[in-house]
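Sending over a structure as structure tokens; questions will come in a sec.
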Amino acid sequence: MLKIGDYQFNSRLFLGTGKFPNFDVQKEAVDASETEVLTFAVRRMNIFEPNQPNFLEKIDLRKYKFLPNTAGAKTAEEAVRIAKLADASGLCHMVKVEIIGCDKTLLPDPVETLKASEMLLNEGFTVLTYTSDDVVLARRLEELGVHAVMPGASPIGSGQGIINPLNLSFIIEQAKVPVIVDAGIGSPKDAVHAMELGADGILLNTAVSGAEDPVKMARAMKLAVEAGKLGCEAGRIPMKRTATASSPLEGVSV
Amino acid sequence: MQLHVNGEFIEVPKSVKTIPELIEHLDLSSPAMIVEHNEVILQKEERLNAVLSSGDKIEFVQFVGGG
Amino acid sequence: MLKIGDYQFNSRLFLGTGKFPNFDVQKEAVDASETEVLTFAVRRMNIFEPNQPNFLEKIDLRKYKFLPNTAGAKTAEEAVRIAKLADASGLCHMVKVEIIGCDKTLLPDPVETLKASEMLLNEGFTVLTYTSDDVVLARRLEELGVHAVMPGASPIGSGQGIINPLNLSFIIEQAKVPVIVDAGIGSPKDAVHAMELGADGILLNTAVSGAEDPVKMARAMKLAVEAGKLGCEAGRIPMKRTATASSPLEGVSV
Amino acid sequence: MQLHVNGEFIEVPKSVKTIPELIEHLDLSSPAMIVEHNEVILQKEERLNAVLSSGDKIEFVQFVGGG
Amino acid sequence: MLKIGDYQFNSRLFLGTGKFPNFDVQKEAVDASETEVLTFAVRRMNIFEPNQPNFLEKIDLRKYKFLPNTAGAKTAEEAVRIAKLADASGLCHMVKVEIIGCDKTLLPDPVETLKASEMLLNEGFTVLTYTSDDVVLARRLEELGVHAVMPGASPIGSGQGIINPLNLSFIIEQAKVPVIVDAGIGSPKDAVHAMELGADGILLNTAVSGAEDPVKMARAMKLAVEAGKLGCEAGRIPMKRTATASSPLEGVSV
Amino acid sequence: MLKIGDYQFNSRLFLGTGKFPNFDVQKEAVDASETEVLTFAVRRMNIFEPNQPNFLEKIDLRKYKFLPNTAGAKTAEEAVRIAKLADASGLCHMVKVEIIGCDKTLLPDPVETLKASEMLLNEGFTVLTYTSDDVVLARRLEELGVHAVMPGASPIGSGQGIINPLNLSFIIEQAKVPVIVDAGIGSPKDAVHAMELGADGILLNTAVSGAEDPVKMARAMKLAVEAGKLGCEAGRIPMKRTATASSPLEGVSV
Amino acid sequence: MQLHVNGEFIEVPKSVKTIPELIEHLDLSSPAMIVEHNEVILQKEERLNAVLSSGDKIEFVQFVGGG
Amino acid sequence: MQLHVNGEFIEVPKSVKTIPELIEHLDLSSPAMIVEHNEVILQKEERLNAVLSSGDKIEFVQFVGGG
């Protein structure tokens, strides 16, 4: 069971909802992923072209918890406003703090991220914060009381996987709240890697929505997260520089 | 009456006096529409009796695909 | 379906049978792995302490195909003799050619390995050859007609995973027969990695038998192989140096 | 009679004249025992009438755990 | 020429002075490194055992610029006090801001580091700030006006080299002030790597003082920094997945 | 001193002569590299356009040892013929055995490479063999008596550097003859890396001839090889997962 | 007179009335000694006429090896 | 007379009777020219008196840039 604030989840895979080829594929992929948490962005409605379809119409709203992000915010104040708008939907009280500090790398701004997390905690939100893999920054966020720390594996949508497993493992070792690896996951290998390091869950979007076959990839990611979690619990063998025979050395018939 | 909706200045007929009327006039619908009226976010129930005045600033936002 | 010679398998995970803590754990792990192929070594019986238990007594022999290895052989001739002894058991006609050329690294001898593979093919065996990740050597083995090429990921039992994914992918791209990644797999991440590269299957032993919880690790490996196969088929996103937003850039309400 | 079994020289009583008798004498059993007699691998059926002479070289091997 | 604030250096290698086996070896290593900048810590004198030798007595003080660090400080205020003490020595007006936020990893505290850098800039110091490889944090430090950004390659003294070359390259690309890679350098390869990424210099200590032969390693590091700088300027070939012949394909005599 | 057969070299950098922008740049680059060994291919002269310039006219032939390669050969017999043609030039008695087994990867053919090395040794050549990083294959070549083993770091001209440092280090540890890392070097970092692993020298071509500034890169490579050699001899610090302070922990003035 | 020097309480004879006298008394020397007197960092010239009173807090610090 | 030079069939005038004459005729020069005559590699000195006959196979090769 993954517990974040007052919420509990059987699935450790959080799925973003951006950039799927179409709603049918997206619906199938969401089903295949067996996720319980869907992330969304908050944006203006198009008042000149109303009644465009919305993915929320396609799914059973009771089956999922919604995790709106504050993407688009450059400051803590903007992030808090977006979070409050999302909250007014009545769909959720969770928020993913995401304040980008660099348009090229989409890496988070540590100062505004800390500030927004604190403000939203004071507002009573369940706060999951997207952060860099700065180890002390992650600890600072925990000290504020965030409900989950979400360090990036590599830049959003880059698919480079886990560039710095050491920092991730330090963040995980020091953590008293769940660590969800967010951003940069490119393939099931990356998801397994994160879970083997001891992560409590994975948040990904492009790796599934941008795959040639998003539905099949969603299923692969579901299995990968389970494999990684089991692998972490099972206690892997140590790495050794040289070899160790798996067949007996003695008793060879010659 | 002129309103400032989602960053655009639009003219609406006199008949449009409330947020619900504006929503109907704009033919807006969304599984989770969120309304902000002059910087104040309205909870669902508050919308019904939200009266519009000329120059009011209204934001209609919703959940869209995002990661 | 994985086809090797005349054999067909639903599972793409081959499991070695060495070094398990005990037969009960081993039995459970074999079940959890859902493997259909078990590897064995061929060794002298102890004539002074007969009736020691043997793992074969614990399992339903009809449920598995047996893949004896030629471990212990230093030359092609010794390997052929071991293969013939194994064949006389009446349990199998497959053989894993394994001729070690270095006691420290347990890496294979390319010359004796080629020679043994050719001799055993002439004897009518179904030949699966353990080899280094030398790309042209793998092609040479295919040209001889081996039924599967089994390049190592890293030294046997080292748990270092895939050190040279480039060579493995070259071997896979040129292959007209199944490629089974053998040796060096340390954790589920490594198994997923190999399958994502396009491998047809995985052979591992120590990663499961040496894990703190071999049964749980066996289950993790089963899921990993499936996740990796699906992930490969699903077509992963390309890696990019910089980021790409998953949330829309326009329509931010400010 | 002396035999060379699995690399060891052992004495067996006169009563042991065949491979099956040697197996019984040594009390060997294995789900998949393989027998080599003077460098010749015996198929299961061949074992029965395999007669032993002094100095014969016999190998009893089996499958054991391996990777 | 490397310019930091009002200072100019021909050498791009900054050398720490901790943990050398003895002063003679240290003196020789400093000479071999051809460094112009030596880092120091500020500590209490031992009033009960006065007149212990001090490395400063061994060297020509006019030949070097001194870069005292604020190691030992846990807060911005402590760091500022240490910087002022160092300044009162009359030896230097540069300071390396180093505020550790984690005893296990010795990784820096982003909040106190930002605060101390700002305070010391207001006091008129030439400020070189040791920071994590958080890209936006580095930009924030530049916006404060620090004279050099010093991101770590990996934890202090760990010798793991550059774990995240991507973040380092992002920090270098965005930088308007010199970027000195500090902490984690283990061998000349790491120093070359940092310089090839475009770093303006390297600060290292344990890699030299802890080597079996510190003098020879100091010389190796000097050459490595030069090789990396030249290699960066020379414009390396792009990496390609497959091969390109260096010998002509045509004209073979057969 | 690097000794190969009866030859001795101060420089451990061997330079290929293919694909330079022009002879003037090439001449300068050769000078800057301070190499003593130049590799060449053997090709037909153009009988319809005679008197085309040849690089050999530009250099002092007495200053260098020439290492012709057998590139273009697909079989041992073809390689031997090319070696004999080269030998008839009277310029050298060394030969680089290079028999490609795959046009895409330009990786060597282990069977023909072994055969050609043996034949050329019997003909009395000083034999330097380009091989894969197959550890046992390298040992087999040594057992034949080759004068140097030249494992590739990655595919020729790919600039990927050392993909499998483990195999290279195994080859170096077992070696009784010099190990020259050949092929795949992309930047000075790669050259340092190879030397730190204990290689006796480096052979590269495209990394210099294909650089934006070949002369500057040649100088960088010269320094890199020296830095790596010194770094290897100096005995690097061990890698540790966590940090170790370089400043004293005690005596902080607070 | 009692002083609080580098975190230690020590007794010094009456003859020790100034920082320079204290330095001499403690036999301290360093190529770059830094002195803090009652939380005030003294520049080199200020030291000479720095007079001590009982209970004064003095810190003598210097540069030591560090990275 | 027809010769097979570097894989090409060429006609040379009667005056060309030896390898040196062929080299002069083709105007070939190289700091390290290597000559093979009917599959036999010629050492420098052997070239001089190497006489050509119609249909001879000659290879002129040299060192070129390579890695």
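For clarity, chains are labelled A, B, C, D, E, F, G and H in written order, and residue numbers in each chain start from 1.
The rule is short, and it goes like this: a residue touches a chain if its C-beta (ideal position, glycine included) is under 8 Å from a C-beta of that chain, and two chains touch if they have at least 3 such contacts.
Every value quoted in this text rests on a predicted model; they were computed, and no experiment measured them.
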Fill in: Steps needed, at minimum, to go from subunit A to subunit H via contacts
2
Worksheet item: What shortest step count links subunit C and subunit H in the network of chain contacts?
Response: 2
Worksheet item: Which chain pair shares more contacting C-beta pairs: A-D, or E-G?
Response: E-G
Practice prompt. Could you put a whole-Å number on the gap between the CA centroids of subunit C and subunit E?
Written response: 46
Discussion item. What's the distance between the Cα centroids of subunit A and subunit G, rounded to whole Å?
Written reply: 57
Worksheet item: Between subunit C and subunit G, what is the gap in Å from one C-alpha centre to the other?
Response: 72
Worksheet item: subunit G: which residues touch two or more other chains?
Response: 6, 36, 59, 61, 64-67
Worksheet, complete the sentence: Listed in rising order, subunit F residues that touch 2 or more other chains are 16, 18-19, 41-44, 69, 71, 85, 104-105, 107, 155-157, 160, 166, 205-206, 241, 245-248, 251, 253
Worksheet item: Which subunit D residues qualify as touching subunit C in the complex?
Response: 5-8, 10, 26-36, 41-44, 59-67
Discussion item. Give the list of subunit E residues in touch with subunit A in this complex.
Written reply: 101-102, 104-105, 107-111, 114, 132, 134-137, 139-140, 154-155, 160, 163-164, 166-167, 170, 174
Worksheet item: Where on subunit D is subunit A touching in the complex?
Response: 6, 36, 59, 61, 64-67
Worksheet, complete the sentence: subunit A contacts subunit D in the complex at 245-248, 251, 253
Discussion item. If we count contacts the way the header does, which residues on subunit F are in touch with subunit H in the complex?
Written reply: 16-20, 26, 39-45, 47-48, 50-51, 54-57, 61, 66, 68-69, 71, 84-86, 88-91, 156-157, 183, 203-206
